[in-house]
């Protein structure tokens, strides 16, 4: 797709239709879906290897069990090879090989006959969603358990059952992937997604597959204003580990960023703010979503639930916001076996990708703008304004005149777009001839060399 | 009542039911009701003596007539021994002994026969409230008059009437009561109420009786963060006199306070702001009332009418707000004989007392809070978070997690409570284990020793 | 009219009825209506001469063609003596002598026979307003054209037509009128209106006639706090020329001002803000209009369309707002022959004049106010407060007490008026006895001598 080769105006004009990008992301999701991921273990490594095949510069890090991360400690590494429940006749009632959600995450190993009553104390189902297998974990307290549909649970007959879990949990490592892309500035945009969920699609394969595609798009850019830091981590413990290793660097350099999660279904767009609520990331996310769909859902900090809990925690306070499709906890399939590759679609992933891509473009292009002349410029002599003045003349060029009227050297393009109710992408188009005619100049605020915004003219 | 023995979490858990406190306040109101109070005179002294019996440290001050108080002068002292109107047959048509509202406050003495027409020019009644005796005063312009129900007035037959008022108005003193309670800090909370109204109950015996009970509760505290300055004064001239004597001290030390009035009926809760509108008192009052009754009535500075007119006047500007039940001027019985001990009830007084008590507790506990760790603390290992992660885990501990997420060392507990939509009283409970586990620290901003918030753990 | 002889309280009490002022302005409009104005030429000079007869101190300036004005250049001077279209039978189908709107402004000269098809390419009409002759110009691109009603256009039969325009466009001058009125302060209020439209009444003879009357009213004042700078210019190129000559002076001295346009019909009042939106002009305009008609129309900067485009452009940013009746572009007759002296009326002009007069009075009287006593003043002893206190006493003097309560030396009279919901004109009346009793003092902030606000007492 040629539009990936530049940042900016050209990219903004890409029609938001299902395309090769959506299918490419969906295929990656299909490859990753069957793997049994957890916060540590072989599933994480297998996942990072597959992603690494698409992102050759991805570095896979390992952090030993027992390492401190602020108030937390990296737990032992958990691996599971098989698990099932069989009845007195040797029939497998539940089989980990068929669906890895059947086993409670971090279950201890077990192989024991018991009656139904005892088995029940280790079963989890959802009476309100009788056909869904729930997703349950117990990372920090040893126990074992099986998850199943409530329908199946109600059919279980009294009798003896053998519960088998072939797992081990012992000192090992926690893994995460990291990729940096150098731009003109040392200032960074931070993208984080997580790779710790077993077979579920919106939460959470959509995150890593969209992030992979964003990374590929950024790598293909001939020039980037900002540098990019992209991580694939286990949720919570992974972000805590990453923060504890890089806190000062992140606080110094990160000027915006997104936690990328729940970004693959087609039902809606959602926004969740940073703790501060008014960072560049927050403003850009809302601007982009408003122009994609004015009815996008706007959550508050009180609705948070993913790694922004760490990235925006007191004293950390990175400018990280979240752009989603259907938000975790808010759609019925969430954290169950119903969150599958029917719910997530190529179109859904493509929409999510485009929203994040546009948000990044807005960050790249958010320069202050300043007219070079007092008063309105004489646009007619430059062919930019109708020479015949009628009742309607002014309306034909209103967006351009509104834009110029706010280029006071104080407002950024984003602020101007908000003030005049136009999408930044449209204003980038309008800016082109104004900048090439020398009527407007772009001012970049960061320490990086103040070259004019090169891709624009 | 044992819950009065501490400030804070324990007190906050007191159920708001009618109790001994309500009855105690109601009984004091019954004792004070018959006394003929005015802005000066024996009625004020008798009232302060009865209150002083409950508050042994109450100091009764006297200020001579003629003393200047800013733009005002303390008027002569007014006392009345008897008054009546009798008809030609010696029948008493109006009798001060039956209801002290029958005489216009500060009436000059009179003893004269006159015809009905002349008498009428000195009578006051309310055609719209024909069964109510109005409350009328003329403090600063000599005149005499009688107040009566409009029903009675219309029954008066032509003929001769003798009007008798046995009063005198001559140089004397203005009295007020004052009580200070020393806390850890020299910073003060200022409570003011007035004792200048004759036989009326909501406006204004509810004020002094609730204030008396608040003083008793504060005296019983083993420890107080702030000091308390409590005054029982005549309205307007009393607050002006008090301000003129202590203005600099009050401006230096008072960090919050309330004018306590109209606090005894059961119909609603009301709030009237300080002139600034955003002082600690304003914020605390609205926070407390919102959680007692979301439909509390919110007045503006333009609706003011009591001593906040002086306390918040330009150049004075003390942080004084008002928490009321039915506000003066807004209920039909206001300033008439219908404002009696049927309108004011033990329940009504108790509700008012509790609202003010909670407001004071919020002031005492309004510390800034700071997490001691980066990222979210690991609460599971401390038994504060469910170890099994399901769809619902996060909701069970949401208020706690929201609280922690805002403990950034900048926000106070009140600001956090407002941000997360929870009452401060609930957060005080949640804070206890977090502080005792060393995860949160409390920061007191005033000059007083920065000991941690002692009653909390 | 005697009320014109003072600024302030007395003027504010003038009833807003049709009067000599409205008729005087309407008569001036009638005199000016037939003149064929454009941005340069004889029509402008003739117009300025008639206005100069009413304003003897008006200076008429000329600026040569070719003079640079920021990004613009003063165009050649255009004059027209006659123009018509005749058919094969010598019948004049269109005649400039009957309506100067028939010729496109700045048309080149022409005298040529052509068939209807060719003629049509030079005709302008409005299908949606078939009985209106549109107003069309082509200042900066040479072309010729005729404007006519769509009704007439549809009646034109195929055949030959002679199009004659006797015009010339050659180096000459651009003219504008300027008037300054010296006040106590060097700070200025800037009033600008334009005189470049041919025979149309609301847009735009209402502007110059109302501005002329405001100038006469200001000249007649015995004393003014601020100085006034009043210009009659061609729109756009005129304001650019004026700014380019005086930018630094205007930026240093202008504290408020109005672009005066579309101020003569009776349908509504309208407000259009400065670019900043919160200048003194913006605040005063909205305050005055709200009290004239709470339903006045409030436009935004995005609706701009007149000389505020230059006065408020980035880097210029003068505090210029606009008070109008029906706004340009928003009423059906706009820029057509229907915008005539039936649409504009003496009443309409009078209402517009009064709105601007009141706005100027508010600017003149916008002082900070400060009480001279702590607490409320004792108003009873000065006869300003009822001495008998009843249920209703406070309401009788509420506006006065509210005013006093905000005289804290920080707020201006305008801010107080907004805070208490009263018009400034009413508060000026109430202030009189308070200032004369020494209870309130007025503070003028500008560099001018800090004499008390003399016209008030």
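We call the chains A, B and C, going by the order they appear; numbering starts again at 1 in every chain.
What we mean here is this: a residue touches a chain if its C-beta (ideal position, glycine included) is under 8 Å from a C-beta of that chain, and two chains touch if they have at least 3 such contacts.
A quick note: this is a predicted structure, and the numbers were derived from the prediction, not measured.
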### Query
chain C and chain B are one sequence twice: same or different residues at the contact, by the over-half rule?
different
### Query
Any idea what the CA-fit rotation angle from chain A to chain B is, to the nearest 5 degrees?
120
#### Entry: Whole-Å separation of chain centres (CA-atom averages), chain B against chain C
54
### Summary
Touching two or more other chains in chain B are residues none
### Message
So in the complex, the part of chain C that touches chain A is made up of which residues?
### Response
69-73, 104-105, 124, 126, 134-141, 143, 236, 239-240, 243-244, 247, 275, 301-302, 304-305, 309-310, 312-317, 329, 334-336
#### Entry: Complex interface listing, chain A residues touching chain C
370-371, 373-378, 380-381, 387-391, 394, 398, 401-402, 405-409, 420-421, 439
